[in-house]
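Below are two complexes that have subunit A in common, paired first with subunit B and then with subunit C.
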Partner chain A sequence: MLDAVGTRVLRAPKELVYALGFMIEIVRNIPAYFRMQRRGGGGGVLKMQILFTGVNALSIVAVLSLAIGAVIIIQGLSVLPQLGQGQLIYTILITVITRELGPILTAFIVIARSGTAISTELGNMVVDHQIEAYMATGLNPITYLAVPRVLGVVISLVLLNIYFNFFGLVGSFLVTQLVQPLALEEYLFGLYGSVTLTDFVASFVKSIVFGVLIGCVATYQGLAVERAGTEVPVRAIKSVGQGITLTVIANAAITLVSYL
Partner chain B sequence: MKFRIRFATQIVGLFTILAVVFVIVLMVAIGTGQGWFEPRYEYSTVLSSASGLNIGMTVDFRGFEVGRVTNISLSEDNNVNVTFNIRERYIHPVTKGSLVELATNPILGGTLVLHRGTRSDEPLEEFSVIPEWNSETGRAIRAVGIVERSQPPDPISTILSEIDPLLLSVSEILDSTQDILGTLSGTLDGSITDGPIADMVGQTLSLLAVLEDRLDDTEALLAGSEELLASVNRIADNAATASDEFRDPTGIVPQLLGGSGTVATLFDDDNMLFDEILGIFSSINETLDEVSQIARFAGAQTPQLAAILEEGREALIVGQDVLTGLRNNPLLRGGIPERIDQPSNVESFREAQF
Partner chain C sequence: MGEKTGTALSTQNVIVAFEDFTPVRGISVDITPGKTVAVMGRSGSGKSTFIKAAAGIIPVTSGTVRVFDRVLGPLTNRELLRLRKTCGFVFQDAALWQNMSVYRNLALPLEQHYPDLTKSERDRKIRNAIDRIKFTDDLNLRPASLSAGEAKLVAFARAVLTEPELLILDEPTTFVDRTGVDRILGFLRELKESGTTLVIVSHNATVVSQLADEIMVIDEGELLVHGTPDVVAGSDNALVRDIVSDVLDQAATFDSDILTLLGEIDNV
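Moving on, here comes the complex of A and B:
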């Protein structure tokens, strides 16, 4: 047991350094990917990644944001005016939807849907020796396989976050009309008065950072499969766990920095 | 091929464009609403404390966000210099006499509330210093009444902002009371001779002197009334003598009915008796005039006369008792009947020794 614990402790820093190196390698290969794309190769991977990660997740993001936005407005309008703080509903809406839940919930959805998919796909490609085939034909698997997936996740996350805000702020207003009618002018005026550029910048930065983390973790875990097919689900699960953990830590760090 | 896969490029393009359009529309709307592209004018104020103040805090005027705090710094004289900007469309409330007030709220933070000056409609020059509501300058402006107060944006801030002036008023009242007491004390010990309180004390002293004079006059009047009472006593004595003369059988009546010095003789004396009676009447007339004067005086001295009369009445009652006793003498009748005292409702103003 002591042996196992010792091995893990000694291996953890090595894996961390390796993962950081992998992340740097991906960033370093982004220009190479665009050069390759200009030559007509690899564009389909990015497009398909955005389609699967972003477009296909739009329905669940829309439903989630609509429901959360409507609940915040309904609860806020029923409680806050009693305390003489009705105007606070817009600040809460912006803080919850735009700054916090937007980026992190879309990140969780992407981790659950696409993070596992990427890990599984790449893991199976390793098992099937497809990676070796790419290398044998002179294609860098990082440039050709990892970079478009990471970029796809980042772009999808940013776009999904925008849609989450749209459905959360605008769509939820329409839902609220069914329960507690509110004048559109009053709603928009309150929203404009509460939102700041910092809210959008913080949300945007979070989406990019989460996208990079999720993409890198998913591709790393996928490519970390060595030879057996049984390793694939294990790596997929690790991808989800590490993705959620890193996302939550990054969220806390960015929130902290944005309020400094 | 599946629709999504076949039109993947178009779908991703639409997905991206819609998101970008939404962001652009939202940014433009918020930017317009918050005046991101609007010119702003910079002003500053000086506060005693930066507690509850932060950069980016809103400047409110009647519930509208008219600007934001841009800088806070501690000056060398230990005051807090606050710089804030006002949006061009809301520059009109910033006029001469305008004040700002930090309305802090422990729950929601706070805001810098702008109060419009009413001296002029001309906007205040940029970079001017707008005094704080509770500063000395602010209080002077409020005293002149050239500022119009606008309420803080939320009820808690409103309550907190109401408490401050209340405490300030209490403090001012206490200061005024202390000043008045100091002035009064100084006036009474003679160290202060000017001012309304000193005048009031001087007037009170003059009144006391006048009152003393009036008391002297009253005393002299009382001395005169004693002489008057002596005259009344003499008249009463004369009346008693006359009454005795009438009762005496050897007195004036028999003499009148006698031979010499009879009534006929009296009437046959060349009007001497008539003239004498006329003289007596004129004397009586004069006496009546005097009595009338005495009565007028007595009217003014009613309480004393009432007391005298009361005593006279009591004396007459005793006399009556004596006469009744004589009439009912046990040797003659049945003695003096017992009398039930009827207390007078007029109190004596004199003491027993008087």
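Moving on, here comes the complex of A and C:
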């Protein structure tokens, strides 16, 4: 019992070092990926990743952002004027939608949909020796498989965040009209007056950082499968758990830094 | 870079150890260019792990592997690419890329190793390869639509498309029907005659008897004997004789090749 606990405790830092090394390896292989793409290879993987992670998630992101944006507007317009702070609705919208919920909710959606899919796909490829077949053919699996998936997740997250903001801020305005009519000009002017460059930068940086973390964790866990098919779901679950944990920690850190 | 050794494949005291077991325990072997070497051993004896380590597909824990005098170690992408053009590998379970069509499975290695080829030149090479293995199905099929035997033939074509000087094969005839085995044997014979070095893990009596210039017998991760079929047949080591008989006997069950096999065992 104690032996097993000790082994697990000792394994954790070792795995962390491997994971960091893996992340560095991915970054190091980005130029090699683009060189390969110029030769005509590997572009399909990136496009497919953006399709699965970004395009196919548009509908769920739209529904989520519309609903959340509408709820914030309705609640804000009901409560804030009673406190004489009606104008704060725009600041709250920008803070909640652009700086916080946009990046983190899209990240959660991507973890749930694509993080698990990437880990499972790569894990099955390990079990079927397809990864070894890439190596036997002279293709570095990091360059050919991991880099485009990580880039695909990053690009998709940035685009999904923009999409979330669009629906959360503009689309939700339309929903609000059904409940509490508000002049479009007044609404847009209010938003414009409340938004700062820091809001955009913080949101953008979060999307990129979350994308890198989710992509690296998912590909690492997938490629960490050793031999058995039974390892695949275990690694997929780890991919979700670690993805959420790292995203939440990174979100807190970036928010903290943005207010310094 | 290593010193010139004049070998196609050379391993010095290669050990491969995983967390919970050590499948390869200090194998040293030199394989001369142009030779065909059959690797034999019981299931789980470490044959597949050894040939994967020899091909640089899995890292060695200690020891040295040289492929045409180049020491395998941490390689850059460019070095890896150059090595792979020289050394092909056929996996026991074909290991075709499931997310691509058969055509893409064959085109990808060519794109990597011959980036300057035009599409028509690439298609011609692919057509030649699949004609040689007599693959007649649609190239746009996904590997999942192929039988295990057909997948093996496609994997074989993929490995030889880049015309490697050293071809390592892990059970090339497993899952393949009699006709398929004949095609593969014919193709291997052509490669042997053209001077390609072949390292073949096989339980198939026909493959061993018709192609092997040398035989390696491995047991529990150790090399028991390496030499010509006569040397192996004349080995004093009872374990070697047991393994060769066992392996060929086991093959008989799968290959329905009892009569041929009995002759082989008698010769051994």
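Simple rule for what comes next: the second predicted complex is superposed on the first by the 260 of 260 C-alpha atoms of A that agree within 3 Å, B and C clash if a C-alpha of one lies under 4 Å from a C-alpha of the other, contacts with A are read in each partner's own complex, and residues count from 1 in each chain.
FYI, contacts are C-beta pairs under 8 Å (C-beta built on N, C-alpha and C of every residue); 3 or more make two chains touch, one makes a residue touch a chain.
Computed from a predicted model, the values in this text were never measured in an experiment.
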{"item": "Which of subunit B and subunit C A:Ala32 touches, first, second, both or neither", "value": "second"}
{"item": "Residue contacts with subunit A in the superposition, subunit B compared against subunit C", "value": "B"}
{"item": "Subunit B versus subunit C as contact partner of A:Thr137, first or second or both or neither", "value": "second"}
{"item": "Which of subunit B and subunit C A:Tyr259 touches, first, second, both or neither", "value": "neither"}
{"item": "Which superposed partner A:His129 touches (first subunit B, second subunit C, both, neither)", "value": "second"}
{"item": "First, second, both or neither for A:Leu58, with subunit B first and subunit C second", "value": "first"}
{"item": "Subunit B versus subunit C as contact partner of A:Gln85, first or second or both or neither", "value": "first"}
{"item": "Contacts on subunit A seen with subunit B and repeated with subunit C across the two complexes", "value": "none"}
{"item": "Subunit C to subunit A touching residues, read off their complex", "value": "18, 52, 55-58, 77, 80-85, 88-89, 91-93, 95-99, 108-109, 111-113, 115, 155, 158-159"}
{"item": "Residues of subunit A defined as touching subunit C within the complex", "value": "29, 32, 39-41, 121, 125, 128-130, 132-140, 143, 226"}
{"item": "Touching residues on subunit B, where the partner in the complex is subunit A", "value": "4-5, 8-9, 11-12, 15-16, 19-20, 22-23, 26-27, 29-30, 33-34, 36, 56, 65, 107-108, 153-156"}
{"item": "Contact set on subunit A toward subunit B in their complex", "value": "47-48, 50-51, 54-56, 58, 84-85, 87-88, 155, 158-159, 162-163, 165-166, 188-189, 191-193, 195-197, 200"}
